[in-house]
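Each chain carries a letter (A, B, C and D) given by its place in the written order, and its residues are counted from 1.
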Amino acid sequence: MKEILGVEHLSVTYTDGNRRIPAVNDVSFTVDEGEIIAIAGESGCGKSTLITAILQLLSPDIADITGSIRLNGQDLASVDPELLRRMRWTDISLVPQSAMNALNPIMSIEEQMKRIMAAHGTMPTTRDLDKRIDETLVMVNIQPRYKKLYPFELSGGMRQRVAIALALMLHPKLVVMDEPTTGLDVIVQRGILMEIRRLQKELGFAVCLVSHDMSLLIELAHTIYVMYAGRVIESGPSREIYRTPKHPYTQGLIACFPPLQGSRKVLEGIPGSPPDLGQLPPGCAFQPRCTQCLDICLAEIPVLEKVSSSRAVACHLYPSQLTSNTGESTYDRIS
Amino acid sequence: MTETTDIPGNDLELLRTMRSRNNQSWHAFIRNRTGMTGMLIFLLFVALAILAPWIAPGNPSAITMNILIPPNSHYLLGTTAEGQSVLMQTIWGTRSTLLVGLSAGALATLLSIIIGVGGAYSGGLVDDVATLFSNIFIVIPGIPLMIVLTTYLHHAGVGAMILVIAFTGWPFGARVLRSQTLSLRSRDFVRAARLSGEGTWGVVRRELFPNMLSLIIANLLGTIMYAIGAEVSLQFLGLGNINTVSWGTMLYWASNYQALLNGAWWWIIPPGVCIGLIGGALALVNRSIDEISNPQLAMSGRSKKRRLRRKLA
Amino acid sequence: MTESHDAPILSLEHVSKTFHSGKGTLIHAVRDVSLVINPREIVCLVGESGSGKSTTANLIMGTETPTQGVVSYRGQNLAQIRTRSAILDYRRHVQMIFQDPYGSLNSLHTVGYTVGRPMQIHHLVPSINRGADQILRLLRQVGLTPPSEYYYKLPYQLSGGQRQRVAIARALAVQPDLVVADEPVSMLDVSLRAGILQLILEARESAGVAFLYITHDLASARYIGDRILVMYKGRLCEEGPAEEVIAHPHHPYTQALVEAVPNPERMGQPEEIIVTPDLNETKVLGSGCPYYPLCPVATAQCQDTMPEWTFVQDQHQVRCFNAAPLSMHHTS
Amino acid sequence: MTYLRRRLLFYLIAFWASITLNFLIPRLMPGNAAEDLMMRMHGKVSPYALKALESEFGLAQHTSLLTQYGQYLVALAHGNFGVSITYFPTPVIVVIEQALPWTLGLIGVATVISFALGTLIGIWVAWHRASRWDRFTVPAAMFTSAFPYFWLALIFLYVFGFLFHWFPLAQAYSSSLPPALTVPSIIDIVYHAILPAFTIVIASLGGWILSMRNNMIPSLQEDYIQLARAAGIKDRIIMYQYAARNALLPNLTGFAMALGFIVAGAILTEIVFSYPGLGFLLFQAASNQDYPLLQALLLIISVAVLLANLIVDLLYGRLDPRANRSGG
């Protein structure tokens, strides 16, 4: 399948006087045509920074960005600003985290849609434009007569649908969705998720879904990348990650959700708190919270390495197949 | 927090730890060069006012024969049309201007607190009336009202002038403090304090006031600026006691003796520059308070850090 | 489930709360709600935004007064608690935990002060400083260890999970009988939620505190709760033992809620698409069942009449015309 | 109630309040200013005019306060403010009618220019924040707005009028060229207005720049700006149509609130330039203790500021869809 987005060794480091805050560290992944990939992580894991970097919205004077981002075959670092502007929304679009704040409060839905179309100069006549707006709204289950309304007149779910409609206006090849259902009521949330799945099937765009909600990601995505403290610590097909999570953090994340069926086992959760990106612990960033911590974890940052054809994990519990094949660690467990 | 966000979904944790470093306001203020510069200038004038009799001993109004002498080694800032030393008058004038400015500013701020905070905290009809009152007083122009009031008072004395300025200077602050009180009042930590049994006064004293302090100080500084401007204006119009020495009366006499048409710029410049310096100093302090509580507005040098915060927000 | 023979701590009898909107219309935030909370019991109030669960919490905390009906604490009508000392006494026994740990702590107060102040108000300690021992013990109890390290910290030095632990410590500081917890984990990182839920369970075990746990998340309600009450647009529509309600939801709304929970087990499976109209598109409600406009099995009757409670199991009751009464289950 | 109705109601109340304040001031102030005035007026004016003065200043002690208030309102409705002492025996209303256009022209135009210019500069420096221009503009704006209007007026008058002879030193028109709708006359009037207008603009510009910048910077960080960027909308459109349009709303409110202050400063400017507007009149009335004129001026200025506020509010209602629909 054709690659839409290729991120290679992407690192983003914020500079704050003498402090350097590595928000994203050596992240690589690809999104193919029509694929749904997910980036899972909690607050402070760098996923927002990752999205902002991919969308080329980070200004270089606050952050050092290394690595490369390929969109539709073009290296974004070498694309000139005007071409980049035209690639936006036709190649890659965004459903933002909080549609509450992501819609311009003093513009009607219609006007916001028109502005996007106008920016890309694709609509010859007003009638075509109106038709396109109506079609797009119908697509996300909003009656076209609502297009005259302003964001504050819509419910949370409607606003989120409008945000999805905006993202789909120019039939992009890739839609980045940043927590598209967070903050919505469960039933509305379910409706939106199914809307996304249906539209994705109909229109065939690729999705890069970002969320903290593992159960939702597992249900929706083909491939999952789990992030912790700015790094991808595990990746693989969602089904496999759910059945056999390898990294202790992933295991913890999946065990965090109380099940709706089956026995009521005691939830462990993950002790401690996510680290401050500016003050990472030595060695593996997860080491202070890890229940399976080894001596080496305190000293050495584990590298993301393949453990099977489809899966990779960055954890000293799974020594690289290339260097040692013993499967069992030679280090003693310390806890 | 907006009511829609269930999870701090982006890198909020990082943002919070960074922003919070600024929360230790005093340290932040002392480290803030803008604010300290302003504070120093302001304190310099306060010192000048207090120490006037030692710095410039003698009677600043004393009339001499040396009229309208340009600045020279003896009269550093020249003399007036009545032969008084402009330098002495400027130094002594600090007293009256600062006295009126500070006390009228403080009084007006007190009124703002009582009407704004009191109204908002009581809610209901009290708040409605208080709000209506402040809104009406905001649209009634202060200086003309003051001119009328002082005219009736026939050359208002210091006390009357303070009262008149305070009377017209409170509504803006009341409005700002009211909205801050309303927003704090609905915050969960205030509700939590009430639910843990804290009484009304306890909530105000222990929860609201500490959180409003920076706004109250900012408002006080703004009101002092306003009061100084008003005092100088009224004195300039000759509506106060024209025989006191103040920057306003200096300008009044300068204007009466047509100082500029006589080329006596040295008579006009010093009081204006002093007013500008004090006003600028207070604005600097205010701005640094603003920057500390709202880092986005910062202008230079360390703007990178702030923009970083914004990015993460 | 903890069965208790004690009298209930708190009860609501046919409580309604109506607000006036600015436009002159009435908003029925809570309608005809009756519930009891027994000692040591964890009752979950499940509902979405606008269901009236927060108003219910306010009614219980006494910050709202019911338009109709009676809220009573150990048999005493809250509306009759007037004097400062009686109010204080009530505050001593019923406490609250808020949703947002970033907003519920005063950023200028240390952890020690935040936890110690309620103790001081209720004269459980002579002063905050002299109560440091008890404060430290409490901090340890909520998992802030070593407690002395947290005592002088300000909220900004704490993570969301730690803040929520401080908030819980503040609520437990006065040794209450009942704590109303308003979505206490929904704003926390997922990896921290289990710890907070565990803390609530421990508080019940060790201090015998009862909880009203308000949430929109059925899974956590099932995990923590003894009983579940489902609320929709101001009305309770289903009530029963937690396990039972989720395994056998009878009300169409509860069924929809159960359906809507993300479920990894369902991954990749094709799904029927239920179009869920947004809440603001539904018609203004009459006297009937509030779920009528969205209900797949609604009849004309549902529009006009609010169904009465029907027992479908021993302690499991539903307000729906379609619910088959207990006796019929037994016969069929 | 809709936004518009609520605002109109407020302005009615504010109007009533300023009328009543005007009625109360002479009655509440200590001293016997009004009696003093009557003494000076006796024999100079007709008994009818005297009676009007009596009712205006509350000297007719045989009538109750309520009756006085009634008489005051009736006189007001007829535009009867009594007779000016300074311009004896011209009725106050006539004196004011002559001065009003000058003030409206000068202060109105200067204020609008200053607001518009300040807003534009504010948008610009906020967009280029932390640039060289921003670093220069912010302190400069803070510095200029710290000086009193009238002092700047004195300095400008000295520099541009006295030293350089670029502009006239006083008045609104040359005495040789009475105001008329002819080209030379209009040029003359504009020529006279430039320096006072410049003073007002310079003195108030800094405030607008700073407040627009302060409103604009947070608005630039809103999510919808990020989204617009991600959507490939051009910078220029984001800057004006997205960020500035939103930031302008709080700035307009600020404009309305600051109007009273601006007008006060402008009035003092008029005095320095001997510009024959309301401010200069106010100064003369104060110097001569011309109470009838003083009272009428206070009322007129208050009403003018009220009306300006009303206009700003109407504009706000048009610009912010939330104001109209969510009102209630």
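Structure notes:
The working rule: contacts are C-beta pairs under 8 Å (C-beta built on N, C-alpha and C of every residue); 3 or more make two chains touch, one makes a residue touch a chain.
Worth saying up front: this structure is predicted, and the values here are computed from it rather than measured.
Of all chain pairs in this entry, the one linked by the most C-beta contacts is B-D.
With centres computed from CA atoms alone, B is the chain lying nearest the middle of all the protein shown.
Among the other chains, the CA centroid farthest from that of chain C is the one of D. If you average the CA atoms of chain B and of chain C, the two centres end up 48 Å from each other. Taking the mean of the C-alpha atoms as each chain's centre, chain A and chain D sit 54 Å apart.
We define each chain's centre as the mean of its Cα atoms; on that basis chain B and chain D are separated by 22 Å. We define each chain's centre as the mean of its Cα atoms; on that basis chain A and chain C are separated by 32 Å. The set of chain A residues that touch two or more partner chains comprises 43, 52, 97-98, 101, 156, 212, 274.
In chain D, no position touches at least two other chains. Residue positions 5-8, 13, 17, 304, 307 of chain B are each in touch with at least two other chains. Interface residues of chain C facing chain A in the complex, by the touch rule stated above, are 48-49, 159-162, 189-195, 197-198, 216-220, 222-223, 243, 246-247, 256-268, 271, 273-276, 278-280. Contact residues on chain C toward chain B in their complex (touch as defined above): 61, 63, 84, 87-88, 91-92, 95-96, 98-100, 102-108, 117-118, 121-122, 154, 156-157, 159-160, 167, 170, 173-174, 186-190.
Per the touch definition, chain D reaches chain B in the complex via residues 10, 13-14, 17-18, 21, 25-26, 29-31, 33, 129-130, 134-135, 138, 142-143, 145-148, 150-152, 154-155, 157-158, 162, 169, 213-214, 217-218, 221, 256-257, 259-261, 263-265, 267-268, 271-272, 282-283, 285-287, 289, 291, 294-295, 297-298, 301-302, 305-306, 309.
The residues of chain B lying in touch with chain D in their complex are 132, 135-136, 138-145, 147-154, 172, 175, 225, 229, 232-233, 236-239, 251, 255, 260-261, 263, 265, 268-269, 271-272, 275-280, 283-284, 287, 290, 294, 296-297, 299-300, 303-304, 307, 310, 313. Those residues of chain B that touch chain C in the shared complex are 1, 5-8, 13, 16-17, 19-20, 23, 187-189, 191-199, 202, 206-207, 210-211.
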